[in-house]
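Notes for the one structure printed next.
As written, the chain order gives the labels A, B, C and D, with residue 1 at the start of each chain.
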Amino acid sequence: MSALLSVEDLSVDFGSGSPAVSEVSFSLTAGEVLAVVGESGSGKTVTAMSLLGLLPATASVSGRALLGGRDLYSLSPAALREVRGNEVGMVFQEPMSALNPVFTIGSQIVEAVRVHRAVPRAAAKARALELLRLVGLPEERFRAYPHEMSGGQLQRVVIAMTVANEPSLLIADEPTTALDVTVQAEVLRLLRDLRDRLGVAVLLITHDMGVVSELADRVVVMNGGKVVETGPVREVFATPREPYTRTLLDSVLRLDTRELPARPAGEPVLRLDGVSVTYGGFRAVSDVSFEIGRGQTLGLVGESGSGKSSLAGAITGLTRYTGRITVAGREVASLRKADRGRVGLVFQDPLSSLNPRATIARSIAQPLLLHTSLRGAELEAKVDSLLDAVQLSAALRDRYPHELSGGQRQRVGIARSIALDPDLLIADEPTSALDVTVQARVLELVLSLQRELRFACLFISHDLAVVQHLADRVAVLHRGVVVEEGTSVFAAPREEYTRRLLASALTVSA
Amino acid sequence: MSTPVARSVPAAISAVLARDRWALAGTVTVVVIALAAIFADVLTALEGHDPYTYDSSALDVNTGLPAGPFGGVSGDHWFGVEPLTGRDLFAIVVHGARTSFLIGLAATLVSIGLGVLVGAAAGYLGGWVDRVVTWSADVFLGFPYLVFMIALGAVVPAEFPRVLLLVVVIGFFGWPSTARVVRAQVLTLKERNFVKAARVLGASPWQVFRTELLPNLWGPVLVMATLSVPGKIGLEAALSFLGVGVLPPTPSWGRSISAAIDWVGVDPMYLIFPGVALFAVTWGFNALGDGLRDALDPRWGGNR
Amino acid sequence: MKNLKFALTRLGGMVLVLLIVAFCTFVVFYLVPSDPALLACGKPCTPENLALAREFMGFDEPWWRQFLTFLGGIFAGRTFGTGVTAIHCSAPCFGYSFRQNADVLELIGDRLPVTFSLAVGAAVLWVGLGVAIGVHAALRKDTWFDRAALAGSVIGVSAPVYLVGLLGILVLGFQLNVVPVGNYTAFTEDPVRWAWGLVLPWCVLAFAHGAHYVKLTRSQMLETMSEDFIRTARAKGVPERTVVGKHALRNVLLPVVTLTGIEFGSLLGGAVITERVFSLPGLGGLLIEAVHGRDLATLLGCTLFAGFLVVVANAVVDLSYGLLDPRARLT
Amino acid sequence: NDPKAPGDAGAKPEKGGTLRILSESRTLNLDPAKSQSLAITSLGLVHRRLTGWQNAVGRPAKVVPDLADTGKTPDGGKTWTFVLQDGLKFSDGTPITSADVKWGVERSFAPAFGGGLGYHKDLLGGGDYKGPFEGKELDSIETPDPKTITFKLTRPYGDWPWIASTPAFAPVPKGKGAEADYHERAVASGPYQVGTYTKGVEVKLTRNPNWDPAKDQVRGGLPDEVVFQLGQDASVVSQRLAADSGDDRFAFGSSFVSPAQLAQLQATPSAKSRVVTSKSGAVAYLALNTQKAPLNNLKVRQAFQYAVDKSAYQIASAGTAQLAGDTASTLITQGIEGREQFDLYQTKPEGDPEKAKALLAEAGFPNGVENLTLVLNKSNNQAEKAEAVQAALARANIKVTIRSLEADAYETETNLSENPNYDLTLSSWQPDFPSANANIQPLFASSEIGKGGYNTSRYSNPEVDRLIEEAQSTVDAAEAGKKWAAIDRKIMQDSPVVPLIYTRNSFIHGSKVGNFFIADFPAYPNYLQVGITK
């Protein structure tokens, strides 16, 4: 079978030291799913983006990418436009900043439908609604603006937009990072269906080995901007040749049905009493109560859109809520400045949570500047040690957020949140964009810090294995209500929804 | 190296000067004129005239226009002379630079500074602060400024330092439009997560403003600021006409320009010298401003 | 309910603003040590005549009382003098101009169409052209087009409107004879002549005001074009024109609309110099005459009216924020 | 100097056509009670008065019959009787009677109709008379029959026939004119009546069918229509008229051509011939506040006579002495009966700073004087001139600060304030009627200090006051003229003002405007005689 896409000797250089991608080659035939895995910052996104000519002007690209005989890198703007979204669709890694904030998601999907096809408006709308259904979103969200949607919902909007024209090649950059396992299963089904029905080829970038083994035919492993290994998934997973691939596979966390190890809880740090969050008339969180003690981690899992981020927003005082939330005995709304420094927050969307005009060192230093008297060299040293702790090279310190990879940005957010040795850490999907090796080290960091500082932690994640690894207790949120909470949620799920959740979890099968 | 902060303005200036030749040209223009203003006395001494002495011998007896072609430009009078008075135009322009430059710049600083602060406060804090700011902006915009100036001209004693008065008055009346533009920007900025992140961290409004909002406001602020300079210089002229401005015979560009408009037909040079000076300064600030904008935007180059 | 409350606050704010504006105008007016009754005193002006004129015009009372009388007149109307020569100004009475011998409201009504025509046309022109040039300058950053746009804008802001207007009349009106110079034709009379006669003033005003729009648009555009959602739009295969004209522009408009509101509002209060150069009988001229002629009634009327327009324009702008950017929706 | 008439040599105007008058002002007040219009300008087109002016080039202005004869006084100026011509009619066809003239004068006393020239009010013993609308008559005016009107003055007044030419002496149909906007539909007695009146934009005058040219010796009434276009920018008007196209050919500008425009017009031959410059005009002077130290010192004041630079002032006002007007040394303006030319402080036009310094030293100010304030009326476009004075005085170590004020604030300061703060002010005076009386009395009688008078030098000399009163009561024009000339000299000895120039006014008109001349007095074109040429 001849290749649909073949990338030859691709190198991308941003003029900042070493090239981001060097001499990458791979190919893809119709109906094939090629997974690209690799370390965070290894050049996966850059590779994908180069194919549609979407890299910033600061990037210099060399090599060839042949799609149906044409070199994508030397297409005229008009021809490239024809390819974009039509022959090749692309799902972006960070869905929360990928959508235009001033248009409704409906109109953005409709635009995707109409841009390559002369479809009447009404038909386009019908198609858009169909697409929304397909990705598991209710039709009434058609009129919602991006900021009114949860991270997972936005990701699904982006997927809907991308598959609108049934492209022959789908580039999906971490398409399921923000999705809980049940929804993830639906999306994977959708992709599989596209492949089976239309012979769509999928270039799947992911850190989730479960997804790889579930969907991919072949896998490309990248590290440090280079392809280190490539081959059929089964082969590579069963007999990895490269040490990096082996570490990668070894780092995969497995979900099992153990009881969680109950650690001794100190006095409650965070306490929620009948907390509800309403947007307009819509109740996103209703009547949630729980507490987290010193040194404890509560894992919060639940369907995409079930209100996890809303709850995190309420706890940090960003979202208006009713009920009572106390941090260390004090009502959230009336926290003093000093107390605020005791609460660390990792946002679900790393990009928008970083000031685009501040270097990452500045962003990490911000809490220190606000709450400590560290300045000058001491501050530098502290920032460097934080960067190091989250596995970021000190060379990145003077970069701006848009010059980092998704995973790198996410780690900046983590570094910032732990800079002040918090008493309470609220982490909203903090590892969703991290490859398993980095993720393992970050989780290790969190655990060791927690042992040391005994902070209380609310850990929101869709990755059940991660939750299991980290949490003392798990709460399951479903449509804004905590349906189940305790240490034995995974061992002995009581609720139907929890059971479904556990059943959908993917495992890496060699 | 010190703590890396959001690219600082001085750092950005040196960066842009090193890289952007247009911005460099703009800066050189501004600096040259600033120097001319500072050393106005030296320059006029070199030329040998002051801006006050009437000299009917430099005028054409039949018309009152400058004697000689091009508005009387000569080795003696570098820019020629003023019609009807024979005062030396070069001396007037360089001495006028003092008044106009100082007032234009200082009043701009006052009005933009005030506008940014007040506008950001209104947008970020919302609630009654916003309401009070919006209302007072409306009051200022709706208020007959001219009447106020006239009243001021009648009330303020002649001894009061005029330049200070002008800077305060022009600056103070200029804030509302900047404030409203900044407020609009802040209304969307404050919904961005990085601003929220700072708030969650316990950053005070001032800290949020300084580290999160301001760096993201440079674009519109620079536009408003660089374009406001000529406006302020023109306003100074209008106010001088109303008797609130600098007292005659102190020269100012604005005054020369408005006087010269009448003469364009017969003595265009009278307009051209101060006019070009004003244009040069404005252009200089704008070229520098555009360069700065680029330098302060880390995404400069952007997506293509 | 929430909307109603919002509307009421806003309306209350407007009234408050107008009251303050009127009050300040009053106070400031009385700061100037001169007497508006001088106008009606005649030459030579004897103290007796002056006192008579003052009494007739209502200037014999303390200023605060006059202010209250003025406010009362808005609701109840006013009468100046007594007997057959009395002048009635029926409610809503915003004062009676003794200088112009007319009800202020009527005067404003006469002048408004002119100013309105001038302002609307100019604003359309300057926003339209300004934004278009700004967008192109941003897209062709650092090219000659960009440089020329900058230089043009700078000329626009630094050249006095009066000069530009005068040159326009001289060159286009007399030398080339392409546009008519002379008097204003009402729209209702002859729309073509109306527009034709206003072309030059529109252009002059637009030239003077356009710079802000060019530069603001350019700067905002440069920022927006590097946002991620632009990348998304491009990845969808959206033509560049739509990327720019829809996705980017919409995100650029907030400050542009804000500035438009402000300038349009104040322009409606009168474009003094332009009206003067082009002999347009608009509100600006009325206001200036009132200022120089110490015509308090007209001054107050114009000021209140201009203030009203400013407040309304700004309110409209505030409301439009929500439409332009859902994140800036009013809370 | 050009002996030829400043005016038109072109084709003779004919009857018919539309004359356009481009006016800077946005108002045109055609209500006689409220108007300060000269007898030969706009108001005269619509309203006749008891007497009129005849002015011609090279001769002093004369009072001539208009509605009536020029008046007779049986008792040396205290009682004046005028007899109206036969068969005069208002524009509505009703006859004009002496009662209508009386009504018009009475009407000018009503507070609702203030603002006009009011020289008659005091003389008629107005006191607390508040006009006819309250049902009272003014006893000092008698109308024994419809043609005769008699004025009984409070004191002898030789210039009463001149006073009878001021706007208030225009007839208003008895019982009418109570409405505030009477000027928009005034009942006319002159050649024109108001056709359309568009506030702030345009006033169109059309023919008054009941005006009889045979009975009017001061009005030509040539054009069929006269259109005032209001609110025109002066510079634009000059440019338009210089371009001379379309309707502008039939137009003239009612405001002075500015120095810059003059310079430009000089360079344009086609336009230059259409610029008319008066031979003379208002006397421009620097008033010295004689009541405030150090200007209460005669020597100091005299120093000013030498310190000023009249030639710089000329150049600053119009570019050249030729266009600006001759330097002045007397108070009475040219074109007025009895004027004598003299110069008590002879020096070069540039002045003599050394002599000024010497006088100052004599007065006890060897180092000059500082901190003098010169107030300026902003609306008079005097900034450049004031600066010229400022620069000239600086040569003699006289340091002056210029404060320019809005017209009203200025008038309040100079004319109304009891205790004003200024030391100097620039001013110019154009008499309201062509008599030396109107030239001297308002400016130098001590009764005119403050309280609304124009004695801005606050000059008070009982001797002069007495002489003024005496001259005013002199009926014989020649005799009165001599007396005024003597007063002129006497005042100048006290040096309350420094006469600078007799300001020339320049006007420009379109090529089809004929008979556009400026006589010796006043320095304005005679609107009543202008016509359209073929």
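Simple rule for what comes next: contacts are C-beta pairs under 8 Å (C-beta built on N, C-alpha and C of every residue); 3 or more make two chains touch, one makes a residue touch a chain.
All of these numbers come straight from a predicted model, not from anything done at the bench.
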- Query: Which neighbours does chain B have in common with chain C?
  - Reply: A, D
- Using C-alpha atoms only, the most centrally placed chain is C
- Message: Can you compute the centre-to-centre distance for chain C and chain D, using the mean CA position of each chain? Integer Å is fine.
- Response: 38
- Item | Geometric centre distance via CA averages, chain B-chain A, whole Å | 48
- Item | Where chain A and chain D are represented by their mean Cα positions, the distance between them in whole Å | 88
- Item | Whole-Å gap separating chain B and chain D, where each centre is the average of the chain's CA atoms | 44
- Task: Quick one: which residues in chain D touch 2 or more of the other chains?
- Result: 235, 406, 409
- Expected list for chain B, residues touching two or more other chains, is 150, 154, 191, 297, 299, 301-303
- Query: Among the residues of chain C, which ones contact at least 2 other chains?
  - Reply: 32-34, 166, 226, 231, 234, 291, 325, 327
- What is the complete set of touching chain pairs? A-B, A-C, B-C, B-D, C-D
- Message: Taking the touch rule as given, give the residues of chain B at its contact with chain A in the complex, in rising order.
- Response: 1-7, 191-194, 196-204, 207, 211-212, 215-216, 296-299, 301-304
- Item | Complex interface listing, chain A residues touching chain C | 52, 54, 56, 77, 81-86, 89-90, 92, 94, 97-103, 111-112, 115-116, 145, 147, 158, 161, 351, 402
- Message: For a test of understanding, state which residues of chain C touch chain A in their complex under the given definition.
- Response: 226-229, 231-240, 242, 247, 250-251, 324-327
- chain D contact footprint on chain B (complex, rising order): 52-54, 56, 59, 61-65, 83-86, 150, 153-154, 158, 241-243, 247-249, 259, 262-263, 265-267
- Message: Could you list, by residue number, the parts of chain C that touch chain B in their complex?
- Response: 9, 13-14, 16-18, 20-21, 24-25, 28-29, 31-34, 142, 147, 150-151, 153-155, 157-160, 162-163, 166-167, 211-212, 215-216, 219-220, 222-223, 225-226, 230-231, 234, 254-255, 257-259, 261-263, 265-266, 269, 287-288, 291, 299, 302-303, 306-311, 314, 317-318, 321, 325, 327-328, 331
